[in-house]
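Here subunit A shows up in two complexes: once beside subunit B, once beside subunit C.
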Partner chain A sequence: MAIQLKSEASKGMALSAPATLYVGLLVAVPLGILIVYSFWTQSYVDIDRTLTWANYIEAFQDPLVRHLIVRTIIIAGLVTIATVVLAYPIAYFIAFRTKKQTLWLLLITIPFWSSYLLRVFSWKLILGFNGVLNSALMTIGIINEPLTFLLYNEIAVVLTLAHAWAPFAILPIYVSLQKIDRSLHEAATDLGCNMYQAFIRVTLPLTVPGIIAASLIIFIPTVGDYVTPALVGGSEGKMIANLIQVQFGAANNWPMGATLSLLSMLSVGFVAMLAVFTMNTAGRRIR
Partner chain B sequence: MMENRSDKKIIEITGVTKRFGSFVAVCDLNLDLYQGEFFSLLGPSGCGKTTALRIIAGFQDPDKGEIVIDGKSMRDVSANKRPTNMVFQSYAIFPHLNVGNNVAFGLRKSGISRSEIDDRVSEALEMVELDGLEKRSAEELSGGQRQRVALARALVLRPKVLLLDEPLSALDKKLRETMQLELRRLQRSIGITFVMVTHDQYEAMTMSDRIGVMFDGKLEQIDRPEDLYARPCSKDVASFIGGMNFLPASLKEESGNVLDISTPGFGDMRIEINSNVSKHGPKLLTGIRPEQLEISAKKPSDYDAMAQGKVVDVAFYGESIHYFVGLDGIDEPITVAVPNYFHTMDYQRGDTVWLGVQNASVIDLGEIPDNMKD
Partner chain C sequence: MKTTLGKMIATATVISVAWYGSVYAEGSDLTVFDWSGYEDQGFFADYMTKHKTAPSYTFFGSQEEAFTKLRSGFTADLAHPCTDATKKWAAAGLIKPLDTSRLVHWDKLSPALTKMDGVVVDGKVYMMPFEWGNTGWIYRTDKITADAVSLQLAVDPEYKGKIAIPDAASSAYAFAALGAGVKNYANMNDEEFKKASDFLRKVHPNIRFYWSDAGQLDQAMASGEILMGWAWNQSELNLQGNKVPAVMMRDVKKGIATWVCGYVHLNSSTQSDEQVYDMLNALSSAASGKYIVEAWGYAHANTEGLAAVDPKTIKGYGFDKADEFFARSLFFDAVDPKLEAKMLKEFERIKSGF
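Now for the complex of A and B:
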């Protein structure tokens, strides 16, 4: 028995070894390097290797950093909310209202067949000064001159990312809806709920895990995204990742870049935990 | 059996038909249910009994026909507004709610105070013997407890009719037998009409005041369990409820309420006309319950009809022993059930035995069905 257990354990170790090695080398080690870098400082072209809080103090004192982190979290929050709100009805439709579920799931992944960059650019084409939307509105005579508030701001970032992330939200919500026993909905109806009440009191709380998964999958990468804000965000839509990119690139201040990365990771972690806790509590309070 | 039903009709179902595509799930269902009775819809799977129950509950609209509950037509009344509540086959306990909140689910609407909800929930839980388990989470419940929560959740709303869809099928045999008696006792004590769907004939017989037997969407017979057993209206009903030996017979004479018949094996018999049977012809079908036959080594003297045959097989059931006896002129061996009084199996395969039966034990099943004619 003991021998068997030992071999079970070693089998488990052997199975998880590649993943452990992968995570260790490609996540833990770089993260360690990042932490160490954040306590060094840049002096002209050299790196001063004395450990110091100088970068953190500078970052906290800089109003731009604070502003960018807050804006990043707000934009990421808006993207998350917009995506989940748009994805939920689609997931609901696929889970309950159609028999061609495989076809619909396939259709949803179609945008992924083209590159992420192309999709961001296509939004630029749609929202731009001479873009599809403006030309269309002008052709049918609703506006006389092109709308300028469409592109190069937060709205454009939210719109572009909400579209890009949609499948990531639809899939986890679809899975959590799919798992719900149909008879629960009937039971709620039998106990006096109309369709809306049955949704609020049974379906929605049971899909909280799916909503949380979708939110995290969207919120976290959005905070780190710098391509979309750079392409469609303009100066208003710049996010913390753009600043980090500058530190590692043009500004050539890797220690500050590392500090900003860690600060944004910490704030994302904090906000995400807070959101998960709030959603869980809200889900449990529905009776 | 003591009856606690009144003469007041609580549900009147007239001409209800339901089709799914070309499949007729329920065909021209006519049924009156009375206040306070325990009624079972019994039938094999796919016979339409669950569809019928779901039509009463309002989960499905009938294509034709009408349902009246407590004097009110349910034509435009949706499921959430009907005075019925349901115990689902899967129990449908809300997994995100604890026991107390599951039971309180239907009570949480405007107009009912929190303290009244609490009182009614604990009263309902007491009724199903789960008192004090309000805080238990739904995931921690056993199968039997889930069933009780489902019952309490439905009964706490004081429905006019409680609908039960195969309520015991998910439980193991022992628990099922306990719950059969318990459900029956509960129903008697609260006096609410119960309508249960089941495919288990024993369950239906032990629990119900009346049983409706359904085949292929049609209600074949509605009767008290003992009448259903003694006077089934057709071969289908007879074979679905209890064991039955079928004997084709030819009619010699019909006079008053008796039939003089001649059977292969048992010879001439005089049997009573079964009032539930509609048609008689020159060729009849008769039935004998296995426990109504006597088996003995010597020719018995005090039976109306006798036959000699050979034991072809023996099956031991614990409380009874079944002997399968082949008779000349009959294809299927006759099943004889003997109570296991002395823990002995008196006859072996190959033994020559005598079977005896009284005329009163032979059931008239009317004109022989087409598929049994030669």
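Now for the complex of A and C:
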């Protein structure tokens, strides 16, 4: 006879057990290993397993780490702002202005049909020294020599990431716009709001959760990105993840790599919470 | 608890690596951990005659990647690092000394190579040198004349954004040591290290990018995006093959470096020594040497192999002056571990403008 689960709670537990186990094994355990590693130190080819704060002290004293973390947060912040600002009108259009919503959503996912690496390389082709953009501008006669500020700097990183992450911003914002009760908009118009006022005071505040979701989905992974800065960032566009990669690779200093990973996680967490708080407050204020 | 943790990590890695490796394992029992391309059967024809099936190959993209993978439990019989890595690999207990009496071609290998630091570590032979080549200053001959070119042009403000050097600390410091006139690249003292670092700092504003794959450098050189770059002779061949007017500065007085790579016997080896040495002997034969020069444009360690190639070809690649190179160029020796750590750290700073 089948086992009968008695309470609602135990049913819930049973249902969530696979996911809990999965997350526990694949997130909590590696995170634990990372934390333990960060308190060890590397001595040439071996790991010294005495617990110490040495890595943290070194990382805090190193201006390079500070510089890279700040730059990483700025780049990720710019990517987030650029993506959300550009994505909002598209999401708005799909939610309110078109009847072919499925088609539009499908079109938006098209960039995902090619590999991320290929998309980064295409940006390299577009922005490169003899790339599409430079060749086009030279053919028209606007410039005589190829522009070199297009590639290998922060701008190239922001541009590439903003393009790559666009669908991740459009979808959550679209969902939050979709949920808005249309009668609220009518009510606002009845009460004397013009289009612009209705948007600012009704639509926008109601989509704050969508904007927050989109921002977090973009901000957190971009902080950890190292492929994009490595390919299009040059030395000006290097981010903290590139330094972490060096620690785990060439420098063969896993403990330091673990420390830097944890520090960047903490700074991301802090900045993300601050951003959520600010956006929530702002959302409530404008109403 | 600590050991359990270590075991868990090792097991997880081994499982994933074993799964990955199985995709490739279709040759004989012998396994070789190598750079991609070296599975070319022309390199070990004698082994094929004797054993019929080729060894199975697994590839690495950089020596650091290979080191990390081997440290986390990956096993193979032979591996193919370069001399600058052997000291570290030996210290980590990854490789074992070779029995040179079982290497039938050992006496025919260039003595400059068989005695060098990195082939010999702590008085024991750990590596059978296989191929060598140059890392040097490649420049566009249509923009810079052979007389004018020098490593010091790298700090000339006129070439702002026209320079590329490798995104690898040891290679960048070899370049800087030559550029700043520092000797003993592998054992620089504090003052010499500072001199080399300052040179790199002065080069930094002129750098278009620090290259991580040779293709990136080749393309930039071909398009004129950069005019000079510190790179392998493979890039020179590639550029000339594509009719780009570029050449490597081969003047030992102006500065050129030599790299030497070879095969090491891994401690994790599971196959019989007989098979391992059969493979090593096949790789070091004169026939293999002739093939690698003709088909690949790399120089082989076997002097008879080089002698068997058409002298014109040898001259074209600049291998005719091998003795001069060995005597006067900078070798990628095994850098002192403490110095290497310092280089890595300082290089990251320099790249970020500190």
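Note that the second predicted complex is superposed on the first by the 278 of 287 C-alpha atoms of A that agree within 3 Å, B and C clash if a C-alpha of one lies under 4 Å from a C-alpha of the other, contacts with A are read in each partner's own complex, and residues count from 1 in each chain.
FYI, a contact is a pair of C-beta atoms (placed from the backbone, for glycine too) under 8 Å apart; a residue touches a chain by one contact, two chains touch by 3 or more.
None of these values were measured; they are calculated from a predicted model.
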Counting only touches as set out at the top, which of subunit B and subunit C does A:C193 meet: first, second, both, neither?
first
So in the superposed three-chain picture, is A:A251 touching just subunit B, just subunit C, both, or none of them (first/second/both/neither)?
second
First (subunit B), second (subunit C), both or neither touched by A:H67:
second
What's your read, subunit B or subunit C touching more residues of subunit A?
C
Identify the partner contact of A:T148: answer first if only subunit B is touched, second if only subunit C is, both if each is, neither if none is.
second
Quick one: classify A:V36 as touching subunit B (first), subunit C (second), both or neither.
second
Taking the superposition as given, does A:E8 touch the first partner, subunit B, the second, subunit C, both, or neither?
neither
On subunit A, what residues does subunit B touch that subunit C touches as well?
none
How about subunit C: which of its residues touch subunit A in the complex?
2, 5, 9, 62, 64-65, 67-68, 71, 88, 91-92, 161, 168-169, 204, 207-210, 212, 220, 223-225, 337, 341, 344-345, 348-349, 351-354
Could you please specify the touching residues of subunit A with respect to subunit B in the complex?
181, 183-184, 186-194, 201-202, 205-206, 283-284, 286-287
Subunit C partner contacts - residues on subunit A that touch it in the complex:
33, 36, 44-46, 49, 63-64, 67-68, 128-130, 146, 148, 152, 230, 234-236, 238, 243, 246, 248-252
Flag every residue of subunit B that touches subunit A in the complex, lowest number first.
57, 59, 78-81, 84-86, 88-90, 92, 94-97, 101, 104-106, 108-109, 153-154, 157
